[in-house]
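I've put the structures underneath this note.
Two complexes are shown next, each including subunit A; its partner changes from subunit B in the first to subunit C in the second.
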Partner chain A sequence: MKFVIQRDRLLASIQDVMKAISSRTAIPILTGMKIEAKEDGITLTGSDSDISIESFIPKEEDGIVYVEQIEPGSIVLQAKYFPEIVRKVPMNAVEIESDGQLNVTIRSGSAEFKLNGQDADEYPQLPKLHSEDSFELPADLFKNVIKETVFAVSTQETRPLLTGVNVRVQDDQLHFVATDSHRLASRQIPISAAFDFQNVVIPGKSLTELNKILDENQDPVEIRITNNQILFRTKHLYFLSRLLEGNYPDTSRLIPNESKTVLQIDTKELLRSIDRASLLAKENRNNVVKLVTQESGKLEISSNSPEVGRVVEEMSVEEISGEELRISFSAKYMMDALKVIESEQVKIEFTGAMRPFLIRPTDDEDLLQLITPVRTY
Partner chain B sequence: MSNWTEMSAVQPVVSKMLINSLKRDRISHAYIFQGARGTGKAELSRLYAKSIFCKNRTGAEPCNDCKDCRRIDSGNHPDLHWIIPDGASIKNEQILKLQKEFSYTGMESERKVYVMENADKMTANASNRLLKFLEEPGAYTTAILLTENSQALLQTIQSRCQILALQPLQEGQFAELLNSEGISQSSARLLSQLTNNYEEAMEISGQEWFAKARKLVVQLVEVLETRPNEALLFVHSQWMPVMKDREMQQLALHLLLLWFKDIIYLYADRPDSVIYIQEKDRLENSLRHWTRQRATDCLQSIMEAKRQLDQNVHPALVMEKLTLQMQR
Partner chain C sequence: MQSKGRAIFHVDMNSFYASVEMAFDPSLRGKPLAICGNPAERKGIVVTSSYEARKKGVRTTMPLWEARRLCPDLLVMRPNFDRYRKASSEMFKLLQEVTPIIQPVSIDEGYMDVTDCSHLGSTLEIAQTLQERILKELDLPCSIGIAPNKFLAKMASDMKKPLGITVLRKRDISSILWPLPIEEMYGVGAKTAEKMRTLGIQTIGELAHKDKYQLKRIFGVNGERLANRANGIDDRPVDPEAVHSFKSIGSSQTLPHDTTDDKELDKLLSQLSKSVEKRMQRKEAIAKGIQLMIRYHDRKTITRSMKLQHFLESADEVFQHAQTLLQKHWNGEPIRLLGVSVFDVAEKKEVGKQLDLFTYEKEAEKEGLYKAIDDLTSKFGKNPFRRVQASTSDEVRTSFQKDFLDDYKK
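The block that comes next holds the complex of A and B.
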């Protein structure tokens, strides 16, 4: 294998790929970075076995030549040293060459490094995703969907399946659902293409990583699913994640379809008010804040820690209808839910103090946040 | 041993069972391979894993040449998880990690195999966690627990696994092999009692402390016989400085154990089985000091001491207690 590459382009790719490489892996080869040279360009691969990132550097793009003198081949290099070497070489052109004995030479200007490589055959084979089943979403929309759902996944490993976001297709809608069994976040987006795939659970951690890598723009992200992995593809980046195994619980039944008390309220104001009330709420007692409707048509938000003190705040609402209500819930969950809602006003639907309640933006029917209340006396 | 033909020569019964399971595609979700040191538990599980993952399998034989087989040999196969004790025991976190690993889909294939060496070294927490996960195995998951003593595993774990007992190695065979490699006959006999692993045996025989330990064992017995009052002093001034870690302590105690075993052999009139052949005179001499009953008691005390070492009792205390027991 041999090629000459532009340093800056190579560095950018290395940085993307490094996000997947961890120094603490069960499989020794995964501490390395795979470099594969083909006639049309160079592919870098990094993986921690949960997620894998592939970055492709084309030989030439928009008239700019990035890679020259390609001789096909592949090698795995230690990810601990390779990026630092590339960052510090003196010239912009870097020549990388490997012989048949896994010895790699990196030359740039007058500097020459010799590294011991590892056999690329030892590297895990990423699935070849040829399936026709794929769909596209604009990157910024997709990033938004991730932001709106992934915070609600469980952080406990006791029920591993709940650490992921469930994705399924139903009635030409793509459903994203995340829950930790105390709260739930759900987002639907319409998809145009008639497209069918089994319901999958994507690990929350993978989505968080993906969110960091995707740029905030309109470029499409192509999504493909196979039996054991899911692929997100942008122009030159492949992001693969393993899926979580098991049957995701049916969450549709959790969502109440009737309501007894309905509020419409300013999102930011409510968020700030809850935030204030939570200052005196105890973390070890679920950060409980209390919400009480008043006859005057106002809301009272309060929190009480006998050892610390008490806070009460009155809030005016846009609209209120239905029964009177006293309900307690976790301030943290409420704030998490409100933070991802961008519309000015939210509608909150309650069905009694012991039943979960729903929060929706007023201008968007497709986003839904559900929180279960806390029992207090 | 990289194929079933070779494996069948050493472990015919177990090999046959595993080969049949492969041929009929009835791979169990959990196995316990039980067998003494060096009976080839790890090799057997590696071979079995190869047969499971190899795509060019002929019958039960893996090809040993494809990517999967090669990566199993080099420890780089992404769907084979090999767990070894972290320090003295297999910790809860290791099982936790494994559990997380198995809630994910496979990296390359849908099959996943995990092998746990010294499974009896799991902590109580780890065992219970593993149990939970043996109860609800994934469709294509195979667990292989390796242990020298399956009774040391939780009853509830045993009952969820298929237990395969490996045959002990032919006695004498290994000693002859070592002898033919240029190790003196007396050393070869001793080494074959300490380990069944060729490389390990060669390594131990090359170490200086092994020779010292042998001498110390003989000396300790002599001190116990002639000047029992000085035994404690001997242990502190001579024995302890040489045995620097638990592993050495264990091996040295094993050497001591063999001495008393020899005494019993002599009482039982089986001089051919004696291991310390070069010390025949001393052994004969020992017979006058140790009655058959006393020798058996000593054997028991040594076993107890070995167990305590495993349970993290301070080595100096273990040795003191042992000498006091043997002085009596």
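The block that comes next holds the complex of A and C.
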């Protein structure tokens, strides 16, 4: 195997593929990165057996030549050293060559590295997904959906299913739901899919990594689902993740359909106010802030840490209706939810101090954030 | 920090558990009595014995069979921790009548700072009165050490037992303290003593004169601290709040036999979790971390812990996480002991409880009640209601827990 490649293009692909490579893995060869040269270009592969990523560098694209002098072949290189070497070679052209004895030479300018490779035949084959169930989303929209939901997954292994994002297709609507059982984020988008599915749970970590790799553009991402795996494919990327097994809880019943107190308020102002209140709230461990409706029609946002001090702030609201309210909640959850809402105003619907409340952008019915309050003693 | 002119008491109850049993059942008086952790099971070791038993050679931590051999007419009782806790609490109440500056350190000992109690008489008179009251009202003997600091007071209380009062002045340390062998010094364990002996330190006096820098190099900060104490220097205040700075709340228990039986282990975990819950309730505390201790049949012991995103408070939650830890870290070998503890502890009233989407309805049912309390709180300034605690009947599993030590304040 031999080829000469543009360093920056190679480095970009390496960084993507590295997202799947872990130094702690049960299969030793997976600590390496597979490099395969074919006539039409170079494919890099990384996997931790939960996530597998393939990145393709075409020989030539849009009139730019990325790879030259290709002699087909493949090799596995230690992922611990390979990326750093490529990052630090002196010239923009990098030559990578392997001989029949798995010795790899990396040359750039006057620098030459000799590395021991591993046999690519020993690298596990990535499964090819045979599934008709697929749909497409533009990359930028998909990235946004991930951002709006994935933060709400649980980081605790006690309920493994909740560490994933539930994806459903129903009545031409694609639903994404994530909850750690304290707050819930839900986004739906219209889609024309010829099939329904219910119970797909994608590990939150997979989506977080995917979001880092996908470019912010309108290129389509093809999503293909089988029983236990999901594939995301773009022009040059093949991202495979295992799915979480089990029945995701029915979350639709958790969304309240009545409300007793309704607020409409400036998103950024509320975010900043909660952020200020949480400056002291951090000290009292659960990051709790208190929201109280005032007779004047304003809101009081406060937080109290016995050892540190107290902060109170009065806020004007756009609209307020319904019963008076006194509620405490986690500042972090509130900020997490508000940060992913882009609309200028949000509508918050409360049904009581001990019940979850709904946050929605005023201009978008398809995104909702649900937060359960904190009961103070 | 004050260092001059303080008057510190160390009050040390004499063979406390045995004394409490004798106060409870006077027919036991004058007889050799041993309190044993679970006489039927393997951990049948002597926890405490009466002075009559000690005369025959019975010692704390001695296996029961050995104690019986030395003292054939030994009376053996299981511990009644409820009784001891109650007696302890009564004892600290008497201490508190002298001064509010008291620091319980365990169920049967505590420090008091009587520097500002001259209106009650001389320090010696105060100690005599206190000792008499404890003996008369609770029927319990104690020894009191009087000194200018905690370390010397602790050393002094040890010098005359039972019912001794020992004054250890700074000017007396060279004649009283320094001749003592090094292992008699409070804070020097068997390991440290052994190391000190290899350095040629046989007595407390030799430690006092040893080069501090050398000690610091070998024993770290503790070396310097011990050398200071040997010279009668100890600045630590008597801190009534020390008992509050609890860092973890836990419970552990040895199984009656080594086991690999999941059901048995789960059952024990569940018991331990309940016990942890009770102790958290007593403290009105909740915790954000959980630790599991596993001791295997060969005494190899591991502890594994995890931090949580949310506060734990119920036995169920504790059990669930303890079980997760057990499943993850148990190597499958027979287990002798399990311990469950929670750390990163906070007071409930400072934190609040994050409700759960799937279960909030249980709390929501009481919403009206909470609202009424809230309204009254804002009207009267302080929550007029307090949860009634059922804390009298709970079982105490080890004698080392300190979470009841401020009961005397109630």
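Note that in this section the second predicted complex is superposed on the first by the 289 of 377 C-alpha atoms of A that agree within 3 Å, B and C clash if a C-alpha of one lies under 4 Å from a C-alpha of the other, contacts with A are read in each partner's own complex, and residues count from 1 in each chain.
Heads up, the rule we're going with is that a contact is a pair of C-beta atoms (placed from the backbone, for glycine too) under 8 Å apart; a residue touches a chain by one contact, two chains touch by 3 or more.
This structure is a prediction, so every number in the text was calculated from the model and none was measured.
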Subunit C versus subunit B on the shared subunit A, clash or fit after superposition: clash
Which of subunit B and subunit C A:E157 touches, first, second, both or neither: both
First (subunit B), second (subunit C), both or neither touched by A:R375: second
Of subunit C and subunit B, partner touching more subunit A residues: C
Partner chain(s) touched by A:G117 [first = subunit B, second = subunit C, both, neither]: neither
First, second, both or neither for A:G204, with subunit B first and subunit C second: neither
Touched partner set for A:R355, first subunit B, second subunit C, both or neither: second
Partner chain(s) touched by A:G41 [first = subunit B, second = subunit C, both, neither]: neither
First (subunit B), second (subunit C), both or neither touched by A:I29: first
Overlap of the subunit B and subunit C footprints on subunit A, listed as residue numbers: 157
Residues of subunit B defined as touching subunit A within the complex: 67, 70-71, 74-78, 81, 96-97, 99-110, 138
Subunit A to subunit C touching residues, read off their complex: 154-158, 179-184, 249, 254, 284-286, 288, 305-306, 326, 328, 330, 352-356, 370, 372-377
Residues of subunit A defined as touching subunit B within the complex: 26-30, 49-50, 121-125, 127, 157, 160-161, 163, 203, 227-229, 242-246
Complex interface listing, subunit C residues touching subunit A: 288, 308-311, 320-321, 324, 346, 348-358, 360, 363-364, 366-367, 370-371, 374
